[in-house]
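Listed next: structures, encoded as structure tokens.
The following pair of complexes shares a single chain, subunit A, combined with subunit B in the former and subunit C in the latter.
For the complex of A and B:
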């Protein structure tokens, strides 16, 4: 039982990270209609920038957090303006392929800008262990679960009440009508890229806090895929919750069935979900009109 | 004076090549490729081998992605299954190499049925994600099934000897690859101009309309998957023989991206495009290295340190630039050039 609880808690923690990145996928899909295959790489770059700030400027938690968020915003905006905006109006296949190209470029740039060795992100927080009953939990793991829940609430409120949130939903639902209503689609897209980069970047920084930075971190994006498929590509909140589910499944599979299963549990789940409910648990069914 | 490209019968529209000189040039190309192994040194010859092997794989993916419009991000999964099927049959169970090649086609084709069947309900991005998942699952399966695949240690493969002809030397192996490449090229060109190929293209252009016209979507999509996996598996077997060692590390995920880059650079849905794209993508890292080494020895050193990274960066850059500025690929550029040549100084 204790073993099970331990697996469950660490599954929740890693699942919260997947959930954050999955929300990044969903924010972009919801407002632009494409899957950003470079999400994992953007997450990785944000985490590396956070590490650079912590080693060169200051190791203070708030400085690092603020710097990482700013960096993520800039990264998202640059990518949207330079790479994605010229592709506006092109077929989805071409645009998605562009994000794949971008992913490959960002992934290899890590080795040129930083190096190929693993680093620990040390901000004097996150690695100490708190005991809840018989189970030991790292403070970083608690923090990431709390952050995910807080962000879920904030995003729900944002899409429900704020004017910009409503505008984003309008563009997602029908971009032509939204344009006629005076909403700038390009501005909404830019905002979506920045927001997605920040949300996923937070996940990346938390990953670096609890585990280590390495050039293989982009695989977080691949791990978060199942989460966003499970929750529904167009469901931001669903993707966050999907992340938790995938994290738990993966950890339980790894704990009881062997480490090989841990790697593929998420992907096996994708295939099952896509067969049963291709639009995800919380996603909307796509109705095609001829 | 030739004023345009007019077809009067349906037969003319679906001929293999639409003008006789193309046969002449193709024959010359094949002849020069046959002479090549005697002229070229082994370094250049290795590029020729890689190009021929990659052409087979790219043509395989072209059937699925180019003709039928189903995006696959997991084609490396079929490549690795084909390579392992050949290695296990020939190296482990000492079977005839031809049986090995047959297995290298059939095993991935069976695997493609497993991936293809659930994917039939899916379109576009979802399909790309399932195939991506497949390529990761297959790697784990191979690593776990140690009794069959030796796990992470891999299997070493000898160059084959078929009917007393040894393909051990580089020149002979190049001929083997050339044979496979030419056969695959004819196979895909003929698939494209047959009833099946027209069904594939109809599905790509508008699947709802295709269905209304009586095309069985499930059957044709599965058929595209199986054919594509069969050909890709053969390419995997050749690549395994070329590496003389089959392991999961020999087939990184980057190969899937490389294959898509080839199709995009060449021009989606064209066999000629797949060939042109392969030549460009395979030679691109080497060509870039040459250009940079002219400038300074420092750049040359950079290439030897981060060769893999620079290669993937180049692929990414080429994908983005082509999609942005020449979405029809090299074939599109070639058609534009040809039209300009005929019509100049008029625009059309």
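For the complex of A and C:
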């Protein structure tokens, strides 16, 4: 039982990070209909900026968190304004290719702006180990699980009750009708990119707290993407839960079936789930009337 | 008239040959300059080794240029980034040989990349000294123009496992490796000693390249009861493994391999990284030779590049020293043929940072002497243990 619990807790912790990044994917898809293949790279850039703040401005956890959130907002807005908005109305394939190009540029920028060495994000929090009986867990891991759950609740409330949230849902459902209702689609898109950058960036910062920062960190996006497919590409909350499912499945498979199965298990689960529900566990069936 | 024309032609030909002899013979050399090319991963995670190796090359080249160059010719260093992508390594080598007209090559990128460009190097015949990723294929069979400074991965692992086995008789062993050519080499070396010494292996894992979370792997290691653990990761993987072991509250005897023996790793591992054994053929920076190397680099490198130095800077420096010395021995008119002959004659060349380097007729691998080191968290350094 202790073995199982340790696997479960570790799975939840890494799954929460996948979940946050997966929610970033879903926010953009839900608002713009676009899959952002630079999500992992945006996550990494925010984490590196947080590290830079911690080493040059202040190591205070609140200063770093505020700085990282602001930086993520700016990053998301810049990408939307400079790179994505000119692509409005262009074929989806071309737009997706732009995000792939953006991913390569952001990935390479790490070596140009920072370096190839791994770095630890030290904000005086997250690295200490809490022992619950024989089970050890880092405070950063507990914090990321709590943060994901809090964000899931906040985002549910945002889409359900706030004007902006309802506007985002309207644009996602039918942008032309939303435009006729006086909703600015470009503003909603900009907001989606900023929100996606912040949510995924939080995941990146927590990853850096629990593990470390390195130019390989963008690969988190490759793990989070299956999570969002599993939860539903248009389901922000579902993507978060998809991340938890992937994390737990990976860890249990790695623990009981062997190291080699760890990477395979999540994808195997996606294949099975998509065969039954092609739009993901929480995704909406795309109905076309003819 | 015919006699006059013949004499004039001979004089013209003689004049041409005497003014640009080397230019006519081999590319990359003028009266004032010799071009040395290099292709390394300068972006992406492997930039950790590519940037460091290129810094080592730069130190040796700056040192030679400060001393007047190679027999009066300044060395021009042309460096290309391959991003650790084999197709780009091939493009890079073609670019430095065909466009930049390099006279000789250093590097080249990782093991897979070096192997991929081998036919190109052999066909071109350009003198090449490889220093980043020594694997047997690069010197077996020996290629006329390709020399390798270092020690084989397999020998390194055998040396480390033998050492740990002698220090920890009768203990249970665990191993985890990456699922690529690097991991296979590590596993082969490990298996050689396991067979010879009949070691009791209770855990054997294999992770996918790029894996960042090792919680289930290390939990399995704990459950197996392994007392000696060979962590076959490179950089980030080993850090993640050590942190997991700390979380699981176990501290087996741990051995790591030289690609991961870079000092900043110890800071990230924290106290969990104290006492780790490592094998290498270059001197640790904590020793007198390492300190002298850093001191030398300070005078030759811009401040910004100093932070990129690691053990790969030492291997790069040593290889560049050997190449520069060979070209120098060719005198005023160096050629590829002469450089290759002189590289072959390399005998006990001292670099100060590894055992003396030698090649020989048909010997294209320097077969460097190995040493075991142990990490010390309090000083964030590795120190020799024997």
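Here, the second predicted complex is superposed on the first by the 288 of 290 C-alpha atoms of A that agree within 3 Å, B and C clash if a C-alpha of one lies under 4 Å from a C-alpha of the other, contacts with A are read in each partner's own complex, and residues count from 1 in each chain.
Criterion: a contact is a pair of C-beta atoms (placed from the backbone, for glycine too) under 8 Å apart; a residue touches a chain by one contact, two chains touch by 3 or more.
Computed from a prediction, not measured in an experiment: that's the story for all the values here.
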{"item": "Partner chain in contact with A:248 - subunit B first, subunit C second, else both or neither", "value": "neither"}
{"item": "Which of subunit B and subunit C A:111 touches, first, second, both or neither", "value": "both"}
{"item": "Partner chain in contact with A:148 - subunit B first, subunit C second, else both or neither", "value": "neither"}
{"item": "Which superposed partner A:120 touches (first subunit B, second subunit C, both, neither)", "value": "second"}
{"item": "Touching partner for A:86 - first (subunit B), second (subunit C), both, neither", "value": "first"}
{"item": "A:263 touches, of subunit B and subunit C: first, second, both or neither?", "value": "both"}
{"item": "Touched partner set for A:137, first subunit B, second subunit C, both or neither", "value": "second"}
{"item": "Interface residues of subunit A shared between complexes with subunit B and subunit C", "value": "107-108, 111-112, 222, 260, 263"}
{"item": "Residue ranges of subunit A touching subunit B (in the complex, touch as defined)", "value": "34-35, 83, 86-87, 90, 92-94, 96-98, 100-105, 107-109, 111-112, 222, 225-226, 229, 233, 260-261, 263-264, 267-268, 270-271, 274-275, 278, 288, 290"}
{"item": "Complex interface listing, subunit C residues touching subunit A", "value": "42-48, 50-51, 83, 176, 179, 205-208, 210-213, 215-217, 219-220, 223, 235-236, 239-240, 243, 246-249, 262, 264-265, 267-268, 270, 307-308"}
{"item": "In the complex, subunit A residues that touch subunit C", "value": "3, 6-7, 10-11, 13-14, 107-108, 110-112, 115-120, 127, 129, 131, 136-138, 207, 211-212, 214-217, 219-220, 222, 250-255, 258-260, 262-263"}
{"item": "Touch list for subunit B against partner subunit A, complex", "value": "69, 71, 73, 118-119, 121-122, 124-126, 128-130, 132-134, 136-137, 140, 143-144, 208, 254, 257, 260-261, 264, 306, 308-310, 312-313, 315-320, 323-324, 327"}
